[in-house]
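Consider the two complexes below, in which chain A is the common component and chain B and chain C are the respective partners.
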Partner chain A sequence: MSAVIRAENLSKWYGNVLGLSEVTLEIENGVTGLLGPNGAGKSTFMKLVTGQMKPNIGSVTVGGRRAWNDPALFAKIGFCPEPDAFYEDVTGWEFLTGLLRLQGFCRAEAAERAARALDIVDLAKDKDRLIRGYSRGMRQRVKFAQAIAHDPEIIVLDEPLSGLDPLSKRKLIKLIKDFRSEGRTVLVSSHVLPEIEALTSRIVLIHQGKILAQGDIPYVRELIEAHPHVISIRSSDPRRLAAGFIGDAAVRKLTFDPDGKTLVIETHKRDAFFGRLTGAVLEAGVLVDEITSPDDNLQAVFDYLVGK
Partner chain B sequence: MAATVRAKGYAHWDGRPVDRRFPWWPITRMGIQLAFRKKRFKLAFAMSFAPAFVFLAGLYISERLEDFQAFFRGSDRLLNITPDYFKIYLTNDSLHFLIVLVLAFAGAGLVADDLKHNSLQLYFARPLRKKDYLLGKMSVVAFFVLIVTALPGLVLLLFKLVFAGSFKFFLDYPWLPLSILGYAALLTVFFAFYILLLSSLSKNSRYVTILVFMTFFFSSILHGILYGIFRLPALALVSIPANLQQTGASLFGQKLPHAFPAVWSFLVLAAACAVSGLVINRKIRSVEVVK
Partner chain C sequence: MTAKQSIAAFGASASQVFAFYFILGRKSAKTRVFALLGLVPVVLAVVVRIVMRGRAEDVMAVFTEILMVLFLQFYIVILSLFFGTSIVAEEIEGRTLPYLITRPLTKPGIIVGKFGAYALLMALMVTVNLALSYFIMNGYRLGEASLYLTFLRYAGVLGLGVLAYTAFFVFLGAVLKRAILVGLVFGFGWENVIQYFPGSTQKFSLVHYLKSLLPYRPAPGGKSTLSLLLFRLEPTTPAVSILTLAAVTAVLLALACWIFRAKEYLFEE
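This part shows the complex of A and B:
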């Protein structure tokens, strides 16, 4: 599959502050999560992708066209910036229709699209209220609505889930996943790991303006050979179960939790280990209550990569 | 890319975006709408037509002096309508003050509010160039300046013909409509740059409102002080109202109020617009810049 967004040797700095450093990246159709702490360069990358800023070095192309200074391209892109970005003295309806008119839609089409987008984000009832009176979640939703109202092929969402209540968050996550099935390209950033995990397994880890890793979460995990997977098995007899793994080359370390019921295994070869686990449990004849892999989440991956 | 997306089943909108000859128009429209939501603006806007009504009354009386002799004895010269009458309407201090008042309320937030609310990134994430954005904002200023200068100016001329019941005045001064439009255009261009410059200097539209008044009238005060010390007519070049009056008199073919060539004032205003343009261009960035 060809890349929709392609960055080559992309660098951007603000005076003496480095925003992004030599980023080479390809993003395909579907949902891609851009993950990194605040100040990592996520927003800078998104602003470069949406043509808001000119790269100092390198280039970024969207659909084969340079993103910088190509207004025609922006008709295909929907951008939801992180900070609030609207007049307080207009209603949600005016905000959306105004931006749709800027996209080039006629009055009737703009009205129809605004109504649809506001309905999607559950703001139809509040469309005639001034944005000044919107709650944080409502502001976030109307911002999201303006990003999708013109049915863009590429949607760039900077921290779209922040400030949303759990219900709205779940709905937005579903919506973003639907975009993937529609064949759109969604680039979504967050510094909250579970949010990204809920959205996609394809991630780009960014830190201090550099790309640390890119790929599916398990793939990224495999990159970190120096940091083994940790698997916890709570069972009726953890010591007997541990005995079965003593000679296993895939296992690096065996420890027991203070409660005496949990065996904690570190392994470099996660798949091989899980391949053997069922047999080992049967051989030991123990009852397994719970198998968890606390290490198998983005936080762990990210911590390893940034050297925490 | 589009083919890929279609192949994936994403349904494009089948319509076509409207012809974007004026992509800046939605910005202008919104700017005008927002201005009319301010009570103070509405008051200032209504007041800005007061001079037009006074001058309209003057026109009426000038055609019926015999009916008003008891009130205007000895005012024949004052009510002798010539192009100077229209020049006085358009270049008098009270109209300039009212224009500044209207623009202070309607224009202070044009860029300042966008900077405050980070709206620039939403504008520039759309098929819009910086020049479209600036044109949209300038058109808001143009709308209000033209509506209190060109429109009443031309209406006054029309009423002069109606009250006189003949086209003689127009035939005597056929260039007068062009003078009215020319001066209104000059005011429009100058105030568009002036307001946008000041509006781009702060995120706080209240500060901008104060700045709009201060710079306009301070330049006059400065002129007064400098003239009091040096007695040089050319010092009027530091005053915005003086330059506007000088250029206005030139466009209406009337006696210049200051003893230096009008072209100097044209150049000063053009230079001010050029510098403003450079600053505005630098200040209007799509995203915040960390330094």
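This part shows the complex of A and C:
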């Protein structure tokens, strides 16, 4: 399969700040997840792909064409930006029809497409309300609608699931998955691994402007699994609970917090550990107040992967 | 892409952007505020009409030397400053630029389309307020055909002013981050001072060419009221004035398009 989006030695910096560094990447048809903590370079990469910025070094092509200052290419691209930014004084309907008119559609077709897109994101009944009065989730949905209303071949979505309620999130995930079966190319970014996992099995890990790893989810999971996780459990009797884990091969270290109420467990098999946790709690017969994982976030995983 | 295709793409982009921003502009709070501000000369016209009852011969002098000062040296300058600099700046500050530049639109088409939409909005605001104040003051001679011709000339002068000033401020907005401050210095500093310099120095201001096109001149040796607007004016011929204003508009707009096409606009995080 040939690459739709191709980046070669792509570098971009803002003054002294490095945005992207020597990124070489090929993105094929289907859904590709761009995963990285905030400030990793995901948005920079997407802005370069959508021609909003030009590379300092290297090149990025979409369908074999350089994106910077090639307006004809944008008929094929749909972009959902990350910032919560709108023309606030228009209604959802005016926003969509207006942008579709800018896409080159006649009035009737713009109206038809806007109605369809608003229906897809469940905003049909709120279409005549000013965007200023939309909730965060509605704003996120209308932003998504403008990215897909013109049926683009290539869809670039920058954190499209942030701010959505679970139901809308599920619907959007299904929709994005459907794009894959329609043969479209979707590039979607997130800093939340489960979100990306729900969307695709093909992911690119990006950190500090560099591609850290790319491949399918099991491979990345493997990398993450190797990362020792720390889990704190506040309970009525932490020592009794600890006794149940002594023989567990997944546990590397057991310590107690000075308050005497918290058991801190280090494991390198996070999923296996959580699989056993409920049983262990029941066996020990203790009351659990709180379970937290201080480093259960992407930043910690990335820090681990880059050897910090 | 051939030259013919490029021109067609530019024309299509400009007309689509024009239609979109004319609607957005009409609905914006900025437009409402400036439309209200335009009522100041209208209120003044009512006051002048009441005060000058029975002194019909001085009405045109007062209109030119007081009300036109407001229109020419304040209203169109402030309108053009805020609308012109906002053509690029509002997209950056509002972070809405991606909606525009990821569409199949040429960047010069975006600038020219927005310029056209905002210029038309401003021209409408100026013309309505000018018509109200002009006809309130000249209400006693509505039957004279010359009254309407003179009005058209005043409206034309202000229209040219809107185009030239807006082109200048669009250019500033495309180049600078804080264009409005530089624009204030230009519009109310440079333009206000340089126009009163004798000789050819006054020709380095846009307002000089606009004043040169005004239909009313005080009679030589005649009694003039407040000659603030026409003080020290050494007029340029109408043809040269129109050509100069048109050239300034075209060149500055072309430069703004070129800069907007070449420059990356980054949002402040």
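Miscellaneous remarks
Just so we're on the same page, the second predicted complex is superposed on the first by the 219 of 308 C-alpha atoms of A that agree within 3 Å, B and C clash if a C-alpha of one lies under 4 Å from a C-alpha of the other, contacts with A are read in each partner's own complex, and residues count from 1 in each chain.
By definition in this document, a contact is a pair of C-beta atoms (placed from the backbone, for glycine too) under 8 Å apart; a residue touches a chain by one contact, two chains touch by 3 or more.
Not measured: the values here are computed from a predicted model.
When both complexes are superposed on chain A, chain B and chain C clash.
Between chain B and chain C, B touches the greater number of residues of chain A. Of the two partner chains placed by superposition, chain B and chain C are both touched by A:Met53.
Contact with neither chain B nor chain C is seen for A:Leu282 once the two complexes are overlaid on the shared chain.
Residue contacts after overlaying the shared chain place A:Asp89 against chain B and chain C alike. Using the contact criterion defined above for the overlaid structures, shared-chain residue A:Tyr14 touches chain B and also reaches chain C. Touch criterion met: A:Glu109 reaches chain B, while chain C stays clear of it.
Legend: residue contacts after superposition of the two complexes on their common chain; A:Leu167 is shown touching neither chain B nor chain C.
Residue overlap on chain A between the chain B contacts of one complex and the chain C contacts of the other covers 14, 47, 50-53, 71-75, 77, 79, 81, 83, 85-87, 89-90, 94, 98-99, 101-104, 146.
Across the interface of their complex, chain B is touched by residues 1-2, 4, 14-15, 17, 19, 29, 47, 50-53, 63-64, 71-75, 77-79, 81, 83-90, 94, 98-99, 101-106, 109, 146, 151, 153, 181-184 of chain A.
Interface of chain A with chain C (complex): residues 14, 47, 50-54, 69, 71-75, 77, 79, 81, 83, 85-87, 89-90, 94, 98-99, 101-104, 146. Of all residues in chain C, only 1, 9, 12-13, 16-17, 19-20, 23-24, 27-29, 94-107, 261, 264, 266-267 touch chain A in the complex they form. Those residues of chain B whose C-beta lies close enough to touch chain A in the complex are 1-2, 4-13, 15, 17-18, 20, 23, 25-27, 29-30, 33-34, 37, 113, 117-119, 121-129, 286-287, 289-291.
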